[in-house]
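Notes to accompany the following structure.
Chain IDs A, B, C and D follow the sequence of writing; residue 1 opens each chain.
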Amino acid sequence: MKRQVPLIITFIVGVVLIVSVFFPRVEGWNEDFSIFFDIIAVFAYFLGGGNLIRVHLDKVNKKKRDWGFSIVTLFGFLLMLAAGLFKLWNPGGFTADVAATGSLFQLMYDWIFNPLGATMYALLAFYVASASYRAFRAKNRDATILLIASFVILLGRTPLGVYATSWIPESFSLLQIPNLAIWIMTSPNLAGQRAIMIGIALGVVSMSLRLILGVERTHLGAGNE
Amino acid sequence: MEEIGLWLGAFFTLGIISFLYKDNPWYKISESVFVGVSAGYWFIVSFWDNLYGKLFVGVFENQDYILLVGGVFGVMMLLRLLPKGGWISRWPLAFIVGAISGFYLMNYFSSNVMKQVYSTMLPLFSNEFGEPVFSASVADSVGTIMVAVGTFAGLIYFFFSKEHKGVFGGAAKFGIWVIMVTFGASFGYTVMSRMSLLIGRMYFIFGEWLKLIE
Amino acid sequence: MIDSENSNKSAIFFVSIILSVFLPVLPAISQEAVDSADSSAGDPVAVFVPEPPRNVTAVDHNYDRGENVDVSWDLSVDDTSAMFLGYDVYRRAEGEGEFKLIGTVPAGVDTLQDRSTKADTGYVYKVVARTAQGEAPPVITERVVPDLEMVNFKLWNVFLIGLFVSGAVIFFISHAKRGKKLFIRKIAGLEAIDDAIGRATEMGRSILFIPGINDMDDVQTIAGITILGRVARVVADYEISINMPVARSIVLATARETIKEAYASAGRPDSYNDDMVRYITDEQFGYVAAVDGIMVRDKPATCFYLGAFFAESLILAETGNSIGAIQIAGTAMPAQLPFFVAACDFTLIGEELFAASAYLSNEPRQLGSLKGQDVGKLAAMVAIALGMLGTTFVEIWDSSFVDDFNWFIHRLFSIVS
Amino acid sequence: MRQNLKWELLVYLGILILAIIFYWVITEPITFSPMVSVIIVVLIGLTLLYIFVMTIRGQLFGRRTVFLFVGVAVVLPLFMTISQTIKLSPEVKELHDAVLELKPGSKVLVSFDYDPPSAPELQPMAETFFYLCLKRDLKIIIMGLWPQGPQQAEMAMQAVMEQPDIAAKNVQYGIDYVNLGFQTGNEFVIQRMGTSFRSMFNSDYYGTPYDSLPLVRNTNNFSNIDFSFNLSAGYPGTVEWVQVAVDRYGVKLGAGNTAVQAPQIYAYLRAGQVKGLLGGLNGAAEFEKAVGIIGKGTKFMVSQSFSHVIVIAFIIIGNAAFFLGERRRNKESL
C-alpha cells in the first residue's frame, strides 16, 4: 500500500497532464501545477534551511575543522532572514515591498550578494582559458576536430583572423576565416545541435513514460524489484 | 554609506579571486558569507512571493481554494521530520514527478522533435531560373546537405540498440565528429563573452573602488 | 503630428458615432466638422480621409479556450497611399457602452488577433482606417461569440506522432517483459562508473555527486537522481562515503530517500546516514562557491555531475580537474556540454543522460524503452528525408500529387496554434 | 599549518596596505603612456615566447600561469592609452546615421533589458547612446523589461551627466529625459504600450505620476516615438521588440546586444527590421568611434582582444607541449 499509492499518483497526474494538451478547457493545468510546485517548494525550504542550520550548529558544537566559518554562515543566514521577514530599515515600513531601495535586505543584496555572485561568475574567464590550454590538444581525431572548430571560431572573431586570411580572393571567400566561422556556426553546428536536441527529446519521452508507468521508481526510494 | 558598499564589494571580490591561487581563509570567509546570505535571500524571496503572495493571498483574499492542494502537499513534505511520517512525504514527490513527466513529455515532443524535424525539411535545389539549380548559391546547398547529413549521422550516433559496426559504425563515427564540431564551435564562441565578465569585475576594483582608471 | 489631436481621438470618435446615429449625415462630414474645430473651416482639400476597409469580419478562433477572435478585412483602396497610416481596431464587449481600442496595425496588414476575449461573451469589433489627417468612417462587424471547444482537433498530428513514438516505447517495454534480452551498445561513461568507484575505494576517499542546480521540476534532475540510485547501490558495497551537496530542498529530501533505499537493498542500512546529503543554498554561484570549497578540502576521488547545469559547469569541472578527480558528467543542456566534454573524463551527451539509469539497471523492461527511443529516431530520420525530397520535388516538378504529399508531410510536423 | 597561516596573514596585510595606498594616497588616475604601453605589450609577448620555448624544452606550466596571464591581459590594458584600430562595421554606422537623422527634440525610447552581469558589454553602449542623444538635444524615455534595467540606466545617465559638454547643457529630469522604470509582463508590456504607455507605467522610477512628467504627458503610444533603442541580454529583448514593436506598430528600432545574443539578430538586420546593431564590446567600441569619444567600450575592447590573444597563445603552447611529449614518448618506445 505504502509503495503503491505514490505510483498511482504519478500515473494519474502524468496521464492527465499529457491528455490535457488536447482539451482547451484544461490546457491551463500546467500553469496551475507550476503554482503548486512553488508552494510545495516553500514548505520544502524549511527542510533545507533547517538542514543548513543543523549542519553548521553541529560543526560549531563539535568544533570540527573550519567551525569558525560555520558561525559566519549562520550569522549571514539569520541576518538575511531577519532583514527580510521583519523588513528591517525598510523606508516604506512593513507593508512595503521587501526589496525596496534602502532596506537592509536590498543593501545586503547590493553590497554582498551581488559582488560575490558576479565575481564567481567572472572566474569563468580564467577557467575557460585554462580549459582551452589543457583540453584543446590534438590527442585523437575527436579532440582534433573540436580543437579546429573552436580555433576557427576564436580566430574569426578577432582582428587577427580577419587579417590572416584577407588575401584569399573573393571567389574563395568561404575560406576566409570570418566566413568559415559563420559557415561552421550555421551548418555543421546546426546539424549537431539538431541531432542532440531530437535525441534529448526522445530521451525525455522515454524516461517520462518509464516514470509514469512505474517502470522506473528509484527516485521514490523504491528499488526496482 | 556608499563607501561601505564599495569596500564590502571589493573585499568579497578579491576574496573570491584569491581562490584561483589556492584555498585560503579569505576565500572561506567569502564563501561562508555567500552561502548564508544567499540561502537567506532566496528563502525570503520565496516566502513573500509564494507562501504569502500565492498561497495566502490566493486562498484568503481571492478565495482560490484549489491552491490549498499545494499547501497540503507542502505540509506532507514536512511530515518527513516526524519519525513515522516519512512515507507520506513520497506523495507530493510522486505528484511532482508525475506532473513533470507528463508536462515535459508533451513539451519536448512538440518543441524539440517536431519543430526540429520540421525546420530540417529544406529543399536541396531550387527552381529559380526555370531549371533545377543549386538553391541560392553552391555554399547554401552544401550547407543544407551538410545540415541534413550531419543531423542523420548525429542521430545514428545516439542509436542504442544497434552495435556501431560496419557502415552503421562509420556513420556513427561521422556523427560524433559533427557533434564535436558543434561543441568546438560553441566553446570557441563562449570564450569571447566570458572575458567581458572579468573585465567588468576588474573595472569595479580599479575603476569604481580605487578610482585609478580615468 | 500634434499631440493633442491624438489624445482627443476617442472623444472625437464618440462624438462622431453619436452624430452618425442621431443625425442622418455621413460620418465623413461629421469628421470634417470636428476637424474644422482646430483647422480653418471649409478647406476639404487639405484633409485626406481614406476609404474604409471592406468585408470586415470577426470570427471565433477555432479550437481554443474562447480567448481569441480573428478580425480581418480587405485593405482600404487607399492602403498603398503614402499618407496612409494603418488600421485601428476597437472592441466592445457585451454590457460595455463604449468601444475600446485593442490594437493598431500598419498599412498592408489585414488581420488582427484579439487574444483577450472571454468565452461565451458577445463582442462587436470596429475597424477604422487612418491617415495622418483623418479617419475613414468606422466599419462595424457582426456580433461574435467565442466558444470554448471541447477538443483541439488542430493538434491531430501531435496526437498521431506522439501515439506512434510513445506506442513504440510502450511496445518494447511490454515486449521485453516477456523475457527477451535486447542488445544495447556500450556507453563509455557508464561503463566507467564501477572503475571510478573502485578507485575511490583504493584511495580511501569519498565520492562527490552533484545532481545539477535545478529543482525536481526539471526532468534532468530526476534523471540524475535515478542514476544516483544505481551509483549508491554500488557505493554501498564498498567502505566509502558518498558526499552530496544539493541546491534545492526537495532534491535534498528525494536524494536522502534514494540513497537510504539503495543502502537498504544492498543489505547495509546501518552504513547510511542523513549527513551524506546536505543543503547548501538555492543560489547558483553561492552553491558553486561552496562545492568548490568542498572539492579542494575533501579531495574526492570521483565526481559525478548528472543533471541540469548552467554557467557553473566549467567552474566545477575545472576545479575537479585540478584536484585530480575522475569526473563523469552528463547533462541535456546543449550549451554546457562542450565544457564537460573538454574538462571531464566521460560525458553523457543529452540523450545518454536519460538512458543511463535504464542502462545501469540492466532490467529488460527498462532496456526495452531504449529500443523504443531508437524507433523514434528512425522515424525522425525518415520524416526528414521525406520532407526534404518533398520540398525539393515541389521546386522542380509540377504535380499535384507532389504538392499534396509535400503539404501533408509538412503539416504532420507543424504545430498550428 | 601555523607557518602557512603566518604567511597568509602577511599577504593579507600587504594587500590591505596596497589598498589603503591606492585608495587614499594615490588619488589621481594612473595612465600608461603609449611608450610604456608598448613596452608592456612587448614584455608580455616575450614572456609568452619564453614559456613557449621552455615548453618545447619539456617544462610544463600549470594553470596558475594561465590565470596570471589572463589577469594581466585583462587588467593592464585598462590603464593603457593605446587603442587598437577600430573599423566601423556597416551595422554600427547604420545606427549612428539613424540617430543623426533625428531632428532636435525628437523622442527616443530606450529599453534596458539586462542585468549587472551583462553590464560590461552593454553599459558602454548605453552611455554612448545617451551621450549622443543629449548632445543632439534628443529627448530620452527610459524603461526596462528586466527588473534591474532601470537601475543600470540611472548609472549610465549619471556617468554621461559628468561629461563636461553634457553638463553644460543643463539637462533636466522630466523635460529632457524620464525613467519610467520596470514593468513585468515581457513582450506583453510592449504590446500594451502599442495602445497606451500610460497603462503600463502609471508612474516613473521615482513614483512621480505619468501625467506629471512634461516629457511624456502627451506621449500616448509608439506613434509619438521617433526612434527606439533596445539593449538586450536575452529574453525578453531585441527579438520581442522586433516581433511586437517593429512588426505590429512599425517602430524604428536600433539594438545593442551581448556578443552571445548578436548573431541571432543579424537576420532581422538584413531584413531591415532592425536599424543598426551593436554586438558585444566590439560594437560598443565601434559606436564610440562613430560618435567620436573614447569611453569604456574602447578601453574594454583592448582588454578583450588582449585576453583572446592570450587564450590563442596558450592553445598553441598546449599543443606544442603535447606533440613534443608525444614524440619523446615515441622515441622512448623505439
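Simple rule for what comes next: a contact is a pair of C-beta atoms (placed from the backbone, for glycine too) under 8 Å apart; a residue touches a chain by one contact, two chains touch by 3 or more.
Owing to the predicted nature of the structure, the values given are computational and were not obtained by experimental measurement.
Listed here as common contacts of chain A and chain C: B, D.
In this assembly, the chain whose C-alpha centre lies farthest from chain A is D. The greater number of contacting C-beta pairs, out of the two interfaces B-D and B-C, is seen for B-C.
A straight line joining the Cα centres of chain A and chain D is 24 Å long. Here the spacing of chain B and chain C, counted between their Cα centres, is 13 Å. Our note on geometry: chain C versus chain D, Cα centroid distance of 29 Å, whole angstroms. Across the assembly, chain B contributes 10, 16, 19-20, 28, 30-31, 34-39, 41, 43, 46, 77, 80, 90, 93, 96-97, 100-101, 104-106, 109, 111, 113, 117, 120, 148, 151-152, 155, 158, 179-180, 182-184, 186-187, 189-192, 195, 197-198, 200 as residues in contact with two or more other chains. Shared interface positions of chain D, i.e. residues touching 2 or more other chains, are given as 63, 67, 70, 74, 117, 259, 307-308, 311. Chain contacts: chain C has residues 158, 165-166, 217, 219, 222, 250, 253-254, 257, 279-283, 285-286, 289, 297, 318, 334, 337-339, 341-342, 349-352, 355, 370, 373, 376-377, 380 touching two or more partner chains. Considering their complex, residues 1, 3-4, 6-7, 85-86, 101-106, 318, 322 of chain C touch chain D.
Against chain A, the residues of chain B that register as touching in their complex are 4-5, 8-10, 12-13, 16-17, 19-20, 28-41, 43-51, 54-55, 58, 66-67, 69-71, 73-75, 77-78, 80-81, 87, 90-106, 108-109, 111-113, 116-117, 120, 139, 142-143, 146-155, 157-158, 175-192, 194-195, 197-198, 200-201, 204. Remark: chain A residues 2, 5-7, 9-18, 20-21, 30, 32-33, 35-50, 52, 66, 69-70, 72-81, 83-85, 98, 105, 107-126, 128-129, 132, 141-143, 145-154, 157, 174, 183-202, 204-205, 207-209, 211-212, 219-221 touch chain B in the complex.
Every residue of chain D that touches chain C in the complex is listed here, in rising order: 63, 191, 194-195, 218-221, 223-224, 248-250. Note for the complex: chain B touches chain D at residues 10, 14, 20-21, 24-26, 189-193, 195-200, 202-203, 206-207, 209-214.
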